[in-house]
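Two complexes, one shared chain (subunit A), two partners (subunit B, subunit C).
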Partner chain A sequence: MSGRIATGLLLGWLLLVFVFIFAPIVASVIFSFNSDRFPTIPLGSFTTHWYDTIFADAEIGEAARNSIIVSLSTSVIATTLGFATAYTDYRYRFRFKGPYLALILLPPTIPLIIMALAMLAWLSWIGASGQLWSIIIAHSVLTAPFAMAILRLRLHQIDPDLEAAAWNLGSSEWRALRSVILPFCRPAIISAACLTAAISFDEFAVAWFVSGLNKTVPVIILEIVQGNIDPQVNAIGSLVFLTSMTLVVLAQLFFIARVGRA
Partner chain B sequence: MKDPLVVLSGVVKRFGTFTAVHRLDLEIAQGEFIAIMGPSGCGKTTTLRMIAGLETPSEGEVRISGQVMNDVPVHERDTPLVWQSLALFPFLNARENVEFGLRMRGVDTVERRRRAMEWLERLDIGAFAERSVDTLSGGQRQRVALARSLVTEPRILLLDEPLSALDAHLVIRMQGVLTRLQRELGITFVHVTHSQSEALAMADRIVIMSEGRVVQIGRPREIYRTPGNRFVAEFVGRNNILSGISRGDAIETALGTFPAAGLPAPGRPATLVIAADLVEISQAPRDGAIPCSLISEEFVGATVTLFLEAADGTELKVQVPERALGELNQHAGSRYHLSWPADAGHVLTET
Partner chain C sequence: MNRFALVFRLPIIVWQGLFFLGPLFFMIVMSFFLVKNYRMEEAFELKNWARMLTRGYVWDSYWYTLGMAGSATLVATLVAFPAAYALAFRVSAEVRRWAIFLLIIPFFTSYLVRTFSWYVILAGSGVINAGLGTVGFGPYTMLNTPFGTVVGYLTLTLPLVVILQTVALANIDQNLVQAARNLGCSPPRTLISVVVPLAKTGLIIAALFCFILSFGDFVAPYYLGGSKPPTLPILIIDTTKSGQQWPRAAVVAVMMMLTLFAIAATAIWLAYRRRIAS
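The block that comes next holds the complex of A and B.
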C-alpha cells in the first residue's frame, strides 16, 4: 500500500517537473493565438493574426530562409566531420588518441559567449565574418562534437570483423566504408543530422556575433523583443519550438529505436 | 606434393615483441581439406589470416597458385573466410548477404540474384532468402555465411572455427555439410579449430601447432595413433604417457619394463605412449598386468574413460565401451589390472 502511495507521489513530482519545464513554452504558444497585444489574463479571443503577419513580413521570411540554409548546411558539414572523427577513432590506434578525442569534444564545454567572441575575432581576422557561411562555419564547429558522440556510440556496436569481412569478399577499403560502415551507421547518421540541425536552428549567441546583416530567426526574435512587446515573437517562437522539437524527436527515434537496441 | 595451391615458406609473424608464428613452412594441395589445430594462442588463426591477407608476414613468403601474395591486398586475393563470429551484414537480408561478393565484383543484378538463390537452395535455406539475418537460427546463419563465401566460386575456402558457437548436434550436421561441399566442389578448405573431433572427422591432413610452431603434420589416423612428440600425445586423443629408458627391445619405466618397437639405442631416454582405448582392463590379476585402483570415471555416452592410479601414484586412463562396463562392477577404490598388447605402445624418442 505504501508502495502505491510512494509511486503516486513520485508521479506527481514528475508531473510538476514537466509543468515547470514546459509551462513557459505552453504559455508562449497560447499567447501566440491570443488577440490581445499584451500577454495578460484573461485571454482575448482566438486569432491566427500574428501568424499571418509573420508570414507576410519579408524580413522574417528572409531570416527563416537564412536559418534553414544555415541549419541544413551545418547539419551536413557537422555530421560529415563527426563521422570522420568517429571513424578515425574506431579504425586507427595512434599516440595521443586521448588528447585528440578530448580536443574534439571540447567546443560544447566552452561558454557560448566566449565561443562567439572568439569566432568573431577569428573570422574577422581571416576576413570571413558577416557572411551567411560565417555562421555555418561557427555552427559546424559547435555541433560537430554532438554528431561525433552519436556516431562513435554506433561504431562501438559494430562487429569488429564486419569491415574485414567486406575486404575479404572483394571490397577495397573505400568501398567497404561505403557499403558496410555507412549502411551500418545510417540510423545514427540521420539522428546526428537531425540533432545538429536542431542545435544550429536554435542557436542565438554565436549567430548574433558573426552574422552581420544576415540575421537568423533567433537573432530577429531578439530584435523584435528589444524594440517593443509584440505577440509576433510568440508565434515565431512557437514555430521554432515546433521545428526544433520535430528534429530532436526524429533524432531520438532513430537513436533509440535503432542504435540503442542493436 | 604435386600441385600445391598455398605455400607458406619461412613465414614469421611478430606483433611488437611477441612472435605469434615462428618460421612456418607449409604446403597445402589443390583440393585438400586441411585442419590447423592447436590450443588458443598457438598461432593457427594468425596463420589463416596471413593466407587471407588480413595480416602481413614479418618474414617469409605466402604464395597462392605460385604467385607471391605478401603485397597483394585482401580484396584482390579471392580467399573468402568464414568467420568465427560469421560477420554477416546485419543491414542486409540473407540473399543480399550472399550477393555481396558478386556485387563487389560488378556482377549485374539479375545474375547476382540467380547465383545467390542457387547457393541458398543448395544449402537448404532458399526459403529464408528474404529474411533478416537477425531472425535466423545459428545453423541457418552458418549456412548463409558459407553461401556468401562460396558464391564467387573461389579455389580456396578459409574457415576460422565457424562451428564453435553451435550446439553439439548442429556441429555434427554442419561437419557433414562441409565435407560434402568440399568433395563436390573439389576446392581447398583450410579449417582452423581447437576441436580435435572436428579436425579428425573432416580433414585429409591435420597440422598441429603449438606456441607458433608446427609440431606435427599428418593424416588424422597418423596423428591419432602415432603422435610425433609429447605435445601431440597429450593434445590429441586420450593417451597414457610413460617416460623411461631404452633397453633395446623394451623400455624401462616406473611401472615396469615393457617390450616395444622403434626404441633408441640402449640407455637412451624414451617415452612410451599407449592410447587409452588400447588398454585392457580386468579384475583378475594377469601376468605382467599393472595393479591399479579406480579414482574416477568420465561417462560420455558410448564410451567411458576410467581414471586409475598405480601403486607409485602414476595416473592411467582406460577407455572402454559403455556396454562392457556391466562386467566390471566398478566403484571408487576398486582394484583392477591393466595391460596392453606389445604392439599397442608407440615410442617417442625425444623426451
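The block that comes next holds the complex of A and C.
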C-alpha cells in the first residue's frame, strides 16, 4: 500500500522535526549534570557541581532576585493594561478603534533588537535608563499584547446580558465590573499574569540594552556565553526552564483547560 | 464619554504612546543627530545616513542578512510542511493537541541556552563529530558557517512555523480534498492544486513570521555563524555598544524597519490575494 508507506514517511519526518526541536533542550539538561567542562561522547560522570557553583555565586543570586522583581512587576502592569484594553474592545465601539488596537498589538512584530535600541535611546533621553524599572517598563510594552489576547478570548465567552442585567438591577458600572466581569475573567487573569511573567523572565535583548548594571538572569547567561564554554549555563538554563514551565503549566491549568470546556 | 469608559480606554494610549511609539519615533529622529566627543547632540543632519549608506560593509551586511533570513524561511517552510501535513491529516485530534502543546514548550526555554547547546553539539570536537568519528567520518566544520546560522534560526522559528502550518492545514475543508480525489486527481496533484492553495494564507503568514524573527535575531549568526560578515542586528549592537554611535545604529534599525515593512506588505498582499479563476 503506497498510502501506508507515505503515512510512515510523514510520521518519520515529523519525529525528526521533533528530535531537532528538542535535542538542544534535552542536551542542555544532560550537560548540566555532566562532569566534563566541554561535553562530548562518551559523557563524563554524573555531578551536581554546576548547580552548587551557581547557588554559591552572589552575582547570579542578585540576578535571580532582579529577574523575579522584573517579571512579577511586568506581569502586574501588563495584565492590568491588557485587561483595560480587552474590556474596552469588548464593550465599546468608537472611531479609530483599529489604530487603538494596533497600538497594543503591534510590539511583537517589531524585532527585539530594534525595540532594544529605541528603548535605550528614548529612556536615556528622558533620564529613565539603567534602572530595574527601565526593564519593567520595556517588558510591559512587549508582553501586554499577550495578556490582552488571552483576556479578550475570555471576554468573548461571556454572555453580554449578564452585565446588562446587573445594571438593570441597579448596580453601578464599577459594581457590575467587580461582581460579574472580574470573577468571570479570573482564570484568564491568572493565566495572563503567568504567561507575561514567563515571557519577561526569558527576555534578554531589551533587558541587556536598558538594564545598565542591574542584570537579570538571561543577561548573565548572555555574558557568560560571550566569555567561554561554561557548563554553568546549562544548569542556569535548566532552572530557568523549570521556572517558566511551572508558570506555563499553571497558565494552562487555569485557562486553556476551561476555555476548551466552555 | 463617561469617566468609567475613560479609565479603561486611556491607560494603554498613554503607556504605549510614551513607551512604544515614543521610542520608535525618537529612534527615527535620532538617526539625524550628531555625536561629538562621545556625546549625542540634537541636530538635523544627513551625515549618519550619508555615511552608512555609502559604506560597503553596511551593504554587505544588508544583503547577507536578507539572504540568510530568506534561506532560513525557505528551509523552515519546506522542513515544516511534511510535519505539519502529518499532524493535520495523519494523526488523531488528541495527538495533534499534545503535539501542539509540546511545540509551545520551546518558547519557554531560554533561546540562549538552546543556542549554546547547539554550539556544544556542533563543535569540531562536539557530540555529532565524536559520534561520526567512531564510525570513521568527519570531523566536519559546522560552527562559524552559514549552516550554523541556519540551524540557530530554525531553533528559534521552526516550532512556530510547524504550529501555524498545522493550523492552516487542519482548517481546510476536507470535502474539497475528497472531491478532488474522487474526480481522479492523483495525491501529488491534489496536494499542489488543492491543499496548498487552500492553506496559502496560513503558509505565507508562517513564512513571514519566520522571516521577521530570523531577520532580527543576533544570537544565531553571532554564536553559530561566526559573524562573518556581521548581520544587521550584530551591526546595531556593535555600533551601539562599542562606539557610542547610537545615531548610526538608528540608521541601520530604520533600514531594517523599512525592509520589514516592504516584505510584510508584499507577503500579506500575496496571502490574501484572491485567485483569479483560470
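The rule we apply is simple: the second predicted complex is superposed on the first by the 247 of 262 C-alpha atoms of A that agree within 3 Å, B and C clash if a C-alpha of one lies under 4 Å from a C-alpha of the other, contacts with A are read in each partner's own complex, and residues count from 1 in each chain.
In the analysis below, a residue touches a chain if its C-beta (ideal position, glycine included) is under 8 Å from a C-beta of that chain, and two chains touch if they have at least 3 such contacts.
The model shown is predicted, which means the values in this text are computed figures rather than measured ones.
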Query: Aligned on subunit A, subunit B and subunit C: do they clash or fit?
result: fit
Touch count on subunit A, higher of subunit B and subunit C: C
- prompt: With the two structures laid over each other on chain A, which partner does A:Thr109 touch: subunit B (first), subunit C (second), both, or neither?
  reply: second
Message: If we overlay the two complexes on their shared chain A, which of subunit B and subunit C does A:Ala164 touch? Say first, second, both or neither.
response: first
- prompt: A:Phe209 contacts which: subunit B (first), subunit C (second), both, neither?
  reply: second
Message: After the superposition on A, what does A:Ser28 contact: first (subunit B), second (subunit C), both or neither?
response: second
Task: Quick one: classify A:Val19 as touching subunit B (first), subunit C (second), both or neither.
output: neither
Query: For A:Val240, is the partner it touches subunit B (first), subunit C (second), both, or none of the two (neither)?
result: second
Statement: Apex subunit A angle, CA centroids, subunit B to subunit C, rounded to a multiple of 10 degrees, is 100
Message: Output check: A:Val180 vs subunit B and subunit C. Expected answer is one of first, second, both, neither. What do you get?
response: first
Minimum distance between Cα atoms of subunit B and subunit C in the superposition (Å): 13
Field: subunit B and subunit C contact sites that coincide on subunit A, given as residue numbers
entry: 173
Touching residues (chain side subunit B, partner subunit A) in the complex: 52, 54, 73-76, 78-81, 83-85, 87, 89-92, 100-101, 103-105, 148-149, 152
Query: In the complex of these two chains, what residues of subunit A are touching subunit C?
result: 6-7, 9-11, 13-14, 17-18, 20-25, 27-28, 31, 38-41, 80-81, 84-85, 87-88, 92, 100, 103-104, 106-107, 109-115, 117-123, 125, 137-138, 140-141, 144, 173-174, 198, 202, 204-205, 209, 218, 221-222, 225, 229, 233-234, 236-237, 240-241, 244-245, 247-248, 252
Query: Of all residues in subunit C, which touch subunit A in the complex?
result: 2, 4-5, 7-9, 11-13, 15-17, 19-24, 26-27, 30, 79-80, 82-83, 85-87, 90-91, 99, 101-106, 108-121, 123, 125-127, 130-131, 134, 154-155, 158-159, 162, 187, 212-213, 215-218, 223, 233, 236-237, 240, 246, 249-250, 253, 256-257, 260, 264
Query: Given the complex with subunit B, which residues does subunit A contribute to the contact?
result: 159, 161-162, 164-173, 175-176, 179-180, 183-184, 186, 262
